[in-house]
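A single structure is presented below for examination.
Here the chain labels run A, B, C and D in written order, and each chain numbers its own residues starting at 1.
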Amino acid sequence: MEKIKTIIHEEPVLKGPILIEGLPGVGNVGKLAAEHLLDQLKAKKFADIYSAYFPPQVIVDEDGVTKLVNNELYYSQADGKHPDLIILIGDYQGLTPEGQYDLSDHVLQLCQKYGVDTIFTLGGYGVGKMVEQPRVLGAATTKELVDDMKTKGVIFSKGEPGSGIVGASGLLLGLGKVYGIKAVCLMGETSGYFVDPKGAEAVLRILAAILNVEIDFSELVSKAEQIDLITSKLKEIESPVEPRKEDLGYIG
Amino acid sequence: MEKIKTIIHEEPVLKGPILIEGLPGVGNVGKLAAEHLLDQLKAKKFADIYSAYFPPQVIVDEDGVTKLVNNELYYSQADGKHPDLIILIGDYQGLTPEGQYDLSDHVLQLCQKYGVDTIFTLGGYGVGKMVEQPRVLGAATTKELVDDMKTKGVIFSKGEPGSGIVGASGLLLGLGKVYGIKAVCLMGETSGYFVDPKGAEAVLRILAAILNVEIDFSELVSKAEQIDLITSKLKEIESPVEPRKEDLGYIG
Amino acid sequence: MEKIKTIIHEEPVLKGPILIEGLPGVGNVGKLAAEHLLDQLKAKKFADIYSAYFPPQVIVDEDGVTKLVNNELYYSQADGKHPDLIILIGDYQGLTPEGQYDLSDHVLQLCQKYGVDTIFTLGGYGVGKMVEQPRVLGAATTKELVDDMKTKGVIFSKGEPGSGIVGASGLLLGLGKVYGIKAVCLMGETSGYFVDPKGAEAVLRILAAILNVEIDFSELVSKAEQIDLITSKLKEIESPVEPRKEDLGYIG
Amino acid sequence: MEKIKTIIHEEPVLKGPILIEGLPGVGNVGKLAAEHLLDQLKAKKFADIYSAYFPPQVIVDEDGVTKLVNNELYYSQADGKHPDLIILIGDYQGLTPEGQYDLSDHVLQLCQKYGVDTIFTLGGYGVGKMVEQPRVLGAATTKELVDDMKTKGVIFSKGEPGSGIVGASGLLLGLGKVYGIKAVCLMGETSGYFVDPKGAEAVLRILAAILNVEIDFSELVSKAEQIDLITSKLKEIESPVEPRKEDLGYIG
């Protein structure tokens, strides 16, 4: 079989759309942010991407109906405020380096087909400790984009991330540059220990301002509170008496 | 060489056959069930599937004669009660995710060739403890199939299996849906620690009723008793004196 | 690049040759046996097989000159006693299952080209303890070959090897059967802990009788004595005082 | 996508150039040497090699601008003293054996295109202990090259390196020989525990003499002093009092 098979259910009419990528990764920050954006915009699914680079697995829904793991493309047409948007979410990233390259290349070919103007990839920046006020770090394909993003509150900090950006959030920039498509990666600080709706909120607040989208964050805030509750209980179990101030921010 | 090479020894004449898949997996529940069905129906082998996705290995039989590890297709023609059947068994599943996808895709192409109407994949659902009365859980490609299976005694339980279905038993549903072939997965509860004829019996009783096949279960029952004997001896060794009631069901 | 690239230096004129395979494996029994046969027959190299399935590595000889790791084909023409022979030796087997299949398939295509009549694959049968008088176990593609080999002193023992035969020594039989080429695997018992010239000698004595080749075994015997010396010293270190009789055969 | 994609920015006019390879490896000796050579010659980049065999990763520079990990080709035209040179450096080697073969084959095709006369691959020879005066060991595709290199101070020592040469520094010789391109590997002794500018300096001094290039080594010497400072501090921490003379050379 083909390594990647995309089934397009509907050909959306879009004008220079922005692609937003939010696949699973550190703290699932990108995935949470992109899915919340998609919900808020009531974006419509137009394509399923299946691939032998994903695990050989189906997911079973509440009714007992199966779905082959995949990536999905949604669109939301311009509403006078925000531009046309394509949103890429999914259950998995490619399992191997070759799969990662092939899948990102495939998405970039779809970007060319739909005339994508700019790509925003969303991800988490794992710092190994709990974060109260997550910063949103950035990287971009050109110096001009970096300067532009600085004006939007994105932080560009020398040596962060020191190890580069791995996976789809990095490759869409790296290969995008080869394709001549400009792209920005927004990374929300996260401990990396938990699914992190707080990091997702931080990333999405910046992105919403850039795209001029109005977002109701209450659901993400509520999820973040649930995670906070769980992590504070874990802290109690680990150090029941008088935790020292300087240790409070760290787990494990 | 081609990654998958199927040698067809005979072209069976079949009318809308049902495909039954029983490859190795958790507790070898699916494999045991499919092989028992095949024996009972005196089904006839018509194809060998060899593949570079399987281990590079031959099996040596009692006479010293070698057989390259493979998957095999058998058929059993309709007898007025049950419909035409194709049964897929084998020594191994594909070793890599790509191999899994390619092999399942290959089987689905054979399904199209023979006009397969419905697929039943058989597997084990590992619960991590000994099971006295294994339930048979299900998943299916459509809501209609789920509803139909419920009337046959298949259990659909929210959140089970929570992690989805991995391997051929899942992929034949996932890719089958893309091919437009309806499919059901039947999963017999099993500890997952042993080859489990009891789980296989449970799955096969449900399947036999659905297919209207008469099965003599005495051989499976006898195998199950042997396994019970071994596991009860293991329990004695592990806790020789007064095992507490609530621990009896668990091993390890 | 092509995954396998064979460079043929000379096209030998052969009539229904026998292929002998001796690649690295358990105790390097097959490799030692094939290389000794090759030396004794003064067989001539006629082809180099390079492959991306081997490690990305060169070997440096005593002069400092490099050789890309490979497999090699030698031939020895019939001398009135033994038939035409092709001998396959090498530095490595394929690193992945797919590589193993592809390389064995490639060798079988060369077998067809040169009209190979029968294949003998040579290997070790690891028994996990020291062996004084190694037996030579066999497996073959047909019952007739098994019966024939029994008359030559090859032992066919039910359940040995229980786990089948893995690698080129197995695949050349397994795929050979698909190609319609008859093949025999000869396995010399070996501890599996050391390179084992004694196991190689046992295999080669049987093979030499089958092929009607005269072999001077003194070099293999001398190598075996060196290994015996090393292993007996290791035993002294591990149990300096009064080793119990029943433990003597075991190491580790 | 293609597994390897080379983007050529400029077609240099070169006459029988020498290719120098310095990719990451033991002690990064080859990479450091090649990069220093490139700086000294003010060599000009003319091609980028991207590949799905590299990690799916972008590197972020000080400005926040991303670069897809790659290999790069530079050239330096003959200046009356040294010949035309092509220098190959990069962030990574291929991650898999197949990737290694494919990438080296690709480089050799580029060598053929540009009429490369000889290849020098640069690497480290890990000896597992600190080295005060690193020797430069060699290996070559022909006996003539070995003899020639001996006159340049390259050491050819039987049994070193005993395990052969792994990766691009080996493959360019191994596959180069198949292509009919002569090639030499220069290996600077190194502990293998640290990035080692001292080993790089040793290799580059030999290479500079061979190529008739004048090199200012002060930067490499300065880097080596920094590493010496760090390692001597580590030694103090590990054995604060009276380290015995014979242990001083070893770490770990």
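Here is the rule we use: a contact is a pair of C-beta atoms (placed from the backbone, for glycine too) under 8 Å apart; a residue touches a chain by one contact, two chains touch by 3 or more.
Bear in mind that the values here come from a model prediction, so they are computed numbers and not experimental data.
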Quiz prompt | Co-neighbours of chain C and chain B - touch as defined | solution = none
Quiz item: Same or different: at the chain C/chain D interface, is the fraction of residue numbers used by both copies above or below half?
Solution: different
Practice problem: Please identify which chain has its centre, taken as the mean of its CA atoms, farthest from the centre of chain D. | Solution: B
Self-check item: Angle, in degrees to the nearest 5, of the Cα rotation that carries chain A onto chain D
Solution: 90
Exercise. Can you check how far apart chain C and chain D are, centre to centre, with Cα atoms defining each centre and the answer in Å?
Key: 38
Quiz item: Distance-wise, how many Å sit between the C-alpha centres of chain A and chain C, to the nearest whole number?
Solution: 54
Quiz item: Got the chain A residues that touch at least 2 other chains?
Solution: none
Exercise. Go through the chains and record each pair that touches.
Key: A-B, A-D, B-C, C-D
Quiz prompt | chain C-facing residues of chain B, complex | solution = 1, 3, 5, 7, 50, 52-60, 62-69, 95
Self-check item: Residue ranges of chain B in contact with chain A within the complex
Solution: 94, 97-98, 100-102, 104-106, 138-143, 146, 156, 158, 161, 164-168, 170-171, 173-175, 177-178, 185
